Structures are given as structure tokens and as C-alpha cells.
């Protein structure tokens, strides 16, 4: 029977979150350059991108987990990153040859933590929010038990030069690594069976199960990936600070979620992508830098930070009306 | 989702059903929660010989109140289908405003407490508007507003200071006929919830949390209900702030912020579904107490201090898992 | 004169013109059918009246005076109440709480008055107590009730609002026969007391049994209104869908006598020792009152239910019943009963909805997908089932009911299933779509698949099936083979037993 | 002993012993705290061997003020005779300290002074600590030198006290403070903050910072390779000194004022004295505060005196110092 020709009637395409977020980043840069000249200088931009990379890479896992739906969220990413860095630095202890074993061990431990999250969420049916919240406590406990309060070791020189050194157009290798990861993740989400299953599971778990998708395995893997990327980010952060601290990456927990949401990934699950998240990470970092360089009290900064966040969020990731 | 075949449900006499209906209201949420509380108390008593000494009792309950109050607030938002990550910051803001206005004078207390409550209401209203009018996703929206609130707290009280009148702090540690005032405070909070639960607004909160579209189509004022939920939560945040002030006797611009996430854990351990629409605050109150007692246990069990947080974390996860068990069975049978 | 006048109602959803100058005029004291194919705009028109949908343009007059409806509360103020196709009950609230939802009787300070609430609920619910097997579960959570019972609660909620205009949007979709009878009694009483009932349904027999007038929508436009007294079913159908040829060949069976599928003593929480066998190319129908275990049987055969005992053999080899994943791998396909909740991924593109069950076959190393291969596969199905879509990248939610259902079926065709389980695949889709689905089913059977087919529509069940198993309370109680079967036999077969039980 | 609860009440007023002491630490995110706890444990063991102390109850976990209130109440319920506390708040523990002192428990605050009169603060003079490095920096950049400041956490008492003192120094010296930012006493944050400041303030003469961030700040300056232009007030921590040491050859000079975790060890000595009934000498206490000396300051001249001894410690190790028993005894009459 005759159906309206959709192509001609397709709803006016809403500004894609990616474009929107990118616009924001640039807008903030301009504001920054105006209020404090030099803010948008090459060096500073590189420096802000470098810092964005850490948040951006942690947010890879966060994005995957959020897409997997079921109120999916991973609050433990910060602590896991810290723990990975602590393990990494102790094992590599400033020695390039030990970099690989260090990375392997750190990421394995991270993966194990992710596995626990996944199992608790799928089999014990603990809501992700609190499961990963509880995991923070456990990982903190592991950190103390492992270090007995005294972190050891140092970043391997190669790691440091990867993060702080300059490769091409005096950009640090870190940025190329990030780009590589971004491409890989986007490919995984868009062009692999796992990616499509992930979106399906996030969109509707019952349908997913009745379509023969291994729902639990998909979800568990999502949390494993989340922890692994968090761990990787932790190691890279270690390269940035060279020596490790007991609370190195803790503060990335909630920003990683904000980055994903600003990038247009829906907390409800089933919708999203990494490009937006990456730009979201940049936006947040630029905002932070901007606030630091502003001539206002810390209190004022915090308030403004909050208000700007609200604005950023309301530009995208709004929920639909009840009355259509 | 699969119905029981018709006719298999045994007819329940209306009167019985009616009493069951009444029971539901004071029904503490998960049996699992209650069981856990019993165990935790038992263990704590076993490990802490003087558990029932006047001071031990009073101080323990005094310790519980702030988390209990904020957990109740969190429960209400969660029931409405949201979550409030700014509650801790609200506690901070309310406490610094109160302490500044009190300025150590008993006379200023009434005004100060009213103002403190006002702060909670205002914050709740702000959250409500951001979530409902701007239609932001609660987790991130309240994460953002938490910056606003804690920033304002620093503006109000740039550095620790200000004192509460000694009557206020000592009264809190007092006990009436051997019953610690702090315990009475908890009972009062519980009573407050039970009253609230019989109120139309709370019924609407459950409905909106359970199924917003359906509630809307059924004439429930969804937007107003959501906002109200955040406002009520804000008021409980203020109560939590007062309890903290009674505990500390002085102001500190960082005091409440860390209560937020713990309150969510308490809610879940109390058997309330983060999905919204199902659960209740009594459970959360027990959940809050359980969480506090667990850390006591780990301490009195003489776990070496480097392993304490690990032990604590594992027990918390265990508690979260146990709290989920009834729901698990429900899902199985359904 | 007309109690309700709706004119020039227009509503666009993004790219879709759901209503385009629709109109409806109905008098008090009549039951007015609102008919039309899926997606023709019936629900949208209803929701416009009840204030759930904001029309782009509309003029509504009630009792001759124009009214502005800005939300459900306005509608309520004008005496409009509705039973929504998408139920508006809250699962976690009790039956009573749902019935009074939004209008809870209160004492001072807005404290709830439970007694009053109970009275209000009792007034409406007692009428339906037969539908609840004798006793009304006032304090049971609605989520725990069967779909039929939930539907009744939704109806009672509308009745409790004492409407002058009552909208019933596919209110009978999931009701048993006897529940329908009670509903009809009530509706007739309301009509006699001067209430206008707007009745939407895809079941023609119901329409003719209950309604006085009928207004027909088609692609969002009102085609016309006729008095049902002097109208034939064919006239109506024609108004709705224009000329549709009924594909008789769709019903011709090519069943071989080689048994391929054997179910032996299957027992679950809801199934009692179910045994039967299906021949290659055969369509086996599942009949009986709905909710007697038909859906459970299909879910169990797909490994989606906990099996207490029994096995399913294909060519003598046991099929895995432990998980849908294994079942799917073993060539079993299930088209579930609730398209929205169990069948599709509303926010995902049509492409993914079609690929999801079979992409691993085309992927390199079961992982890397080739855009081209997926597109080709999807296009193939779209053409084969002639699914009306804008583009493969559009969300499936943008499709109409019938087309969505075709996608859900198509997703399995790509997996070349040996056993196809269909749970009420034509529920709530229009006649054209139905015909097409019939053709697909037969095509599947002819290509050698064993088909098990549950349907709430006895007529199609008989027309489609080579044999029909009648289920009651989880057990097979009768088997009707082609020759003897008439719709009456089927109903009898289901009811006789119930009579037996009640003895 | 303390665990039988008998002398919980008379702990303060001299008497027999052996005593039970409790330690409450509300933050484990930094190695400084770990060193502090270890120090206390060692000191305790000596006294244990002498039979003066018989039990040390440690409450050390990441928590907030409310959590620390619970910690202290737990210690009270353990019937300790004395509590050494590194408080999470200057003011907000007053009431719970009151609970302790009411029950005759000796309470001593270390690292962070508190306002409650019943409690003795055994701390270094934070203002003095800040002044030393501020004066050095002011001297290096000279009057109308342009500097930025990376503080800890605004609103945090120690931060306010230190910055208050440092700000004064810079005003008098006519040093221009371009901006003040928070680094959260966290190397990574400090590093990010400094990089931002470097970008927006191209011509800086110096940066004044507090402990816990200098390493990050050094790296930021190094990355912008401005080590030769910008003077950094550093810290006496191995990680920083290692960087400092490597940069010395290119004439980089800095300063590290020791903020000793060992302050807690001095506190243990004093607690023992108090438990044994000794009173502070009037001239040693100022209000409820006893200032322990800042052990020493590392600068370019004496760098080699200290570096060899600590070279092999982990980066997070803080140069330390504490009073001996006898030195501590001199605080009492």
C-alpha cells in the first residue's frame, strides 16, 4: 500500500552531536584566546590535546559500556587507571625493556577487574552503577595491599617520550596513538559483529536474546574493554607524570561519563559512537584550561564550571518530551 | 512477561487482601536487607564488647544519621526515576549556610535551620528544573549542578570556621530515657517517610518512576512530580547537614561531598531499584546503617590496616549482591 | 447532533505525515468504530482527542462548543477517557492504585484515602470479576497479571473516570472471549446511558457485533463514515485498503509425510508434558484460548525457557534447548509475540535489524563485517518480502506495524532456518500485510522448513495450518486435522475442556 | 592495658601504663601519610619494648570528615588512652575531640592544627614553612619579578595559612603575582595547571608552589623548556630532587623546605610524656599549639649533604626529621 516517500519527508537532520561538540571546542578556544591571548597558541593546543587524550582514552571504555545499555556505566575507570599505572611503574621501573611485561601485567589485571564488574552485573544482577562503585573500594583496597601505601618505580623513558616527546609537526606520539585507537574503536562499533551486537543489546536486551545474541557475553566483554582502556590510559598518564601516585587518575571517573554524553552517547544505551566522545573529552579539557587561566577565585571557577557543563549538556543529550 | 494461566491464582478474601494492603505500607523492603542488618549487628556486637554501652550506642547512632538522612533523600529521587549526584554538595552548602547564620548563638538557630532547609529546597528546585525543563539526563545534570553547589559553599565559607551552639551539639549526644537522641532522629526520619508514603505526591513519584508515559496519560502531573522529588530530596539533604553540624559543631566547606555515592549504595542495599518505581526508604535507612556498621566490623575485627579497605569493599559488594537476590527470584518466576 | 466533532486534524512525526486532514463526527449514545490499516492514524487521532499528542492543526468541538485540549487533564475536564493501544498501566502499582491513578481520593493535606480508593476501584472492577477467574486481585501488582487482566485494569481505569466520551483503542487485542463479552456488555450499557464510545479494532466480527457507525482512515485521511447496519464486511475492507487480492495459493499445503521435528514430553514451569511431531513442509497450528501455554511452548522450543523435562529432536538429533544462542545456531527461528518488546531494536537502523541474526555467516572470521555484503543481504529480503522502507539506514521504528513485522521475520529468513516458530505473527497488522505474511509462511513451509504457528485469530489459524493442536493450561488437549476442522470445532474444543474442568 | 577499658578514664592524668594509643588518618592518597603512619608504628614499637605502650590501634583509610568522626569514635570505643590524629578538617572534628577529651583521652593533632582547645597541636609552623621558600623565590626573581602560584586546595586550612604567609612576603618584596591556581597537591594536576599557565603567561620569572606538586610543575616548565628562565620553589621529595639533581649542571637551582611526616613521631614522644603526667613547659606552648622545628631546608648549597642518603629511596619519599625522645622531653617541665 502507498507509503509516504520517506526520503522526501525525512525529518530535518538535527545537528549531529559530533559537529556540535566540535563547534563547542572551537568556540571555547576562541573565547580563551580573547580572554587570555596565547591560549589558542600551537603549543597550548598540543598541550591541551595531550591532556584530552588521557580522558579520551578512558572514555572509550565508558562509551562502550554506556552503549551496552541496562543503565550501563563504569564508575571504576578512574581507580582502575590508577592501579594499572601503579603496577606498570613498579614493573617497568624506568626500564624500556620491561615496558612490555609491565603493560601486559597491568592490562591483564585491569581486564580481570572488568571481568568481575561484568560477572557481578550479569550474573548477580547488581546494577552497574553500584557494582562499579563498590569496585572502586575494592581496587583502592588492592592498591593499598599491593603498595602498602608506598608506590614504587618510574615510567620507562620510551613511554615518557611517547607522551611528552614530539614526533611529527612536533606533535607527541600520544596523539597519533589516540587517533589510531579512535579509528579502531569506531571500526569495532560500526563494522564488526560484536559492535552490532553491542548496539542491539543496548537497544533491547529481550529482543537481543531472542535474536540469538549472547547477551551476557556481550555485556561482560563491554566491561572488560572498559577496564582495559582505562588501564591503558593509566599507563599513558604514567608516561606523562613519569612517577606514579596513589590517586593518579581517580578524578577521571565522572568526566569520562560527561565526555560520552556531551558527545551524544545516550545513557539509555543503544545509541552513540566514539567520535563524539573524543571531541567531548577535548571540550571538557579546553574548558578546564580556560577556567584555570581566568582571573577568578577557585570558588568562582567551580561554579562557572558547573554552569557551563549544564549548558554543554543541554546542547545535546536531552531527553524526549512525553507529549509528542 | 508470561502470564500465569487464568484461574491458578487462589482467591484472597477481600479483608485479608485489605490488611495485606495496609501491611505493604510499613513493609521494610527486602527481607535480604533485614537479614543483613541482623547479621551485621550480631557480628559487631560479638567483636565490640562494649557495643551496648551508653557512649558506644549514642556515638554509633550519631554517626549513622547524616548518611541515613541523605539516603532517604536519594531514595525519593531514585523512585521518581532519577538520581541525584549533587546531594552531597547540597549537604555541604546547607551546612555552611546554617553555620554561618548561627554563628554560635543559640538564638540564631531557628532562623539558621530554616535557612538551611531553604537551601535544600532551592537546590532541589534547581536540579528539578534542570532535569525536567532542560530535560537533561539526571546523572550528568546533577553531576554538573554539584559543581555549582560546592562552589557556592566555598563562597559562603571560604575556609573552615564558624561554630554551632554547644546546646545543639551536646543535645544531639544526649539521650531521652536511655534512648539516644540520634536514634530518635532516625526514627523521626523513618516516621517522616512513612507519612510521606501515604501522601499523593509519593504515589505519583512511584507512578512516574515506574512508567512516565503511562503516568502522564493517566493525568499524573509528571513534570511537577519529578521536580517535587528533587525538592524533597533537597530537604533531606538539609536534615543530613544539620546532623553533620551536630556531629562536628563547626563548619567546613568540604564536609558533605563524599556522602553522595555512598547514599546510592545505601539505596540499593535497601532493595530499591535504580530503575525507579520500586522500593522504599525504610530499606535505605537500614542500608545506610549496614554500610556504617560494616566499616566498624572491619575495624574491630583487627584486619591489618592495609587490608581494611579491601575487606570493606568486598563486603559492600557482597551486600549489594545479596540485596539483589529477591529481585533475582522475582525475575526467575516472571 | 454530534457530541464530538474533530475536523482538519493534521499531525506530522518527523518525516511522517501520520494524520493529514482527518476528521471524525460522532453522536452521544452510539458506539462509533474508528477503522483503518496499521499506521493509518487511528491511534494518533485518538491521542489527539485525549491530549497525549499535540496536533499540528485541529479543530475539536464537544457539545457544539470548540474546545482546546492541551493535555490529558484538559481532555479529562471535557469528559474524555481512553484505553490506549499501548497500555497506560504502571506495573509496580497495585490494581487499585492503577485504577485511581491521577485522581487519587485524598483526605486533608493530600493524604491518600485508601478506603475511598478501594470503593472507586471496586465499583468498576467487580463487573469484570469473572474475567479474573472469580476474585479481583485489588492489591496485586499489575505487572504480575496476565496481558488480558492488565487490559481489563486499563479499561476499568478509563471507566472509573466516568467519561462522556470513551476511547477504546484495540482494547480487545489481548482479551479472552469471555472477557470480551463482559466488555461489550459494559460498552452497551454506557451507550444506552448516552456515552459516546469510539471503538478501534482490527477484528471485523467485533466491529459488526458492537458498533453502530464506522469511520475509516487511510494514510491519515478520513475516507468516510458509514452506518454498519447496512454495510458488508467487504465494503469496509475495501474502504480501508482498496482492492486486495486474497492469495489463495498461500493456503495450499505441500506437506510431505516425512516427520522431521519431534517434541517429546516437554515440561516447563508452564508446560505439562507436551509431545507432538511436525512433518517437513508442514504448518502446525497452535490453538485454544490465548495464554494457555502457546507462547511458552514456542519460547521453550527456542531455548528461552527453563526446561524441567523433555526433548526436541530434529531428524532424530536433539536440538539444544539451553539457550536461544545455541537454538539459533542449530537453525531454529522464533518470531516472538510482542514485536516491540521481543522482536525489534526500535532505535537501530533497518539494516542492523535485518542482519543481526545471521551476520556471523557473512562476516570474515565471524567478526569483520562487509558493508556491501550486509547491504546486499538486507536488500534481498526487503525485495523478497516487499517491505516498504525509506532506506536501510532509517530506524526500524519509522516503519509501520506491518513492515516492522516483515523485518522481524526477514531477519530469520537470512539465517535459513530449518524450524520456524511463529507467535501470533499477524497480531495488529492490517489485511494487506497479513496476506503477505501468510504467503511468507507458506513459502517457508514449501522450502522444507517445519513451521509451528500460534495465532489468536481462529480463522487464519485454520486457513494456514495443516493440523491444529489445542492447548489448555500448558498441555495439549486435542488435535484437529484438516478434514474435520471448522472454526466452531476449534472453539468447542477449547471450551468443552474448560467446561470439563469446571465440573 | 588499654584494652580492658579500665584506664580509659584516667589515661590523661598520669599514672601507670602501659598505655594504648590510637592513630586516626583520614587520607591514604599520598605517600606522605604512609611515611607518617610507618614512623608512628616504629616509634610505638620502641616504647612497646620498654613496656611503656602496649598497643597501637591504627585507623587509616580514605574517608571524609564524617568517616574520620567514625574513626575517632571507634578508637574511643576501643578505650585508647591517647589519640594521634591527622585531621581532615581544622574545625569539624571539634565536637568529637570533645567526646574524647571528656573521657580523659589525650588527643594530639599532627600536620594540620585544629581549633579545639582540649587538643594539643604538634605541628610545624606552616606559615614559617611557606615563608622560607617564598623569601627565597622573591630574592631570586627580585622586586617586580613576575610569578604565578600553584596552590593546593583553596579553602583548605593549611593552604590558606601557607598562602597567607607567602602572599605577605611577595607583597613586601614587590613581586608581582600574576595569578593563583589550584593544583590540588597532586603532581598530575599541578603539571596540567602549570602547562596552561605557561601558555597564557609567556614571560614568567618564577613559580611558587607547595609540596606534592613541584615535580609536575618542573616537568611542565621543562616541557616548555624554560628551566633557565623560570625559577621554581620546589620540595624536599626524592622525585623532585632527582629532577633537580639532573638539571643542576645547567645551573638550575631550587629550594625544598622539609615538611616532615616525622612530626607524628615527635607527637608520639609528647603523647607518652603527657600520658605519664608531665605538663608542657609554659614557654613551649602557644595557645593549644606546640610548634616542632622544621628539620632542615635543602638548597643548592647543601644539596649534596642530603642527596646521597636518599638517592635510592622511591620518588615519593619525603625527606624527614623528628625530635628525639630527649628533645621532646625538653618541651615539658
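For reference, chains read A, B, C and D in written order, and residue numbers begin at 1 within each chain.
Please note the rule applied: a contact is a pair of C-beta atoms (placed from the backbone, for glycine too) under 8 Å apart; a residue touches a chain by one contact, two chains touch by 3 or more.
Bear in mind the structure is a predicted one, so any value in this text is a computation, not a measurement.
K.L.:
If you tally the C-beta contacts, which comes out ahead, A-B or A-D?
P.N.:
Output for the comparison: A-B.
K.L.:
Any idea how many Å lie between the Cα centroids of subunit A and subunit B?
P.N.:
Distance between chain centres, rounded to whole Å: 30 Å.
K.L.:
I'd like the Å distance between the centres of subunit B and subunit D, where a centre is the mean of that chain's Cα atoms.
P.N.:
36
K.L.:
With chain centres defined as C-alpha means, what is the inter-centre distance between subunit A and subunit C in Å?
P.N.:
Taking the mean C-alpha position of each chain, the two centres sit 42 Å apart.
K.L.:
Got the subunit B residues that touch at least 2 other chains?
P.N.:
Correct list: 1, 154, 158, 213, 216, 308-309, 312.
K.L.:
If you look at subunit C, which of its residues touch at least two other chains?
P.N.:
If we look for residues of subunit C contacting two or more partner chains, we find 52, 341.
K.L.:
Would you mind listing the residues of subunit D that make contact with two or more other chains?
P.N.:
Where subunit D meets two or more other chains at a single residue, that happens at 28, 37, 62, 154-155.
K.L.:
On the basis of the stated criterion, which chains touch which? Give every pair.
P.N.:
Chain pairs that touch: A-B, A-C, A-D, B-C, B-D.
K.L.:
Could you please specify the touching residues of subunit A with respect to subunit B in the complex?
P.N.:
71, 73, 75, 120, 124-127, 129-131, 133-142, 144-145, 148-149, 206, 254, 257-258, 261, 267, 297-307, 309-310, 313-314, 317-323
K.L.:
For the complex, which residues does subunit B have touching subunit A?
P.N.:
Residue positions touching the partner: 1, 83, 85, 130, 134-137, 139-141, 143-152, 154-155, 158, 212-213, 216, 222, 261, 264-265, 268, 273-275, 306-314, 316-317, 320-321, 324, 327-328, 331.
K.L.:
Any idea which subunit A residues touch subunit C in the complex?
P.N.:
1-7, 9-11, 191-194, 196-197, 199-200, 203-204, 206-214, 270-271, 323-324
K.L.:
Hey, which residues of subunit B end up touching subunit D in the complex?
P.N.:
Interface residues on the subunit B side: 48, 50, 53, 55-56, 59-60, 62-63, 66-67, 154, 157-163, 169, 173, 244, 246-255, 257-259, 292, 295-296, 299-300, 305, 308-309, 312.
K.L.:
Could you pull out which subunit D residues touch subunit A in their complex?
P.N.:
That would be residues 28-31, 33-35, 37-38, 62, 153-155, 179, 181-182, 186-189, 191-193, 195-197, 199-202, 215-216, 219, 223-224, 239, 314-317 of subunit D.
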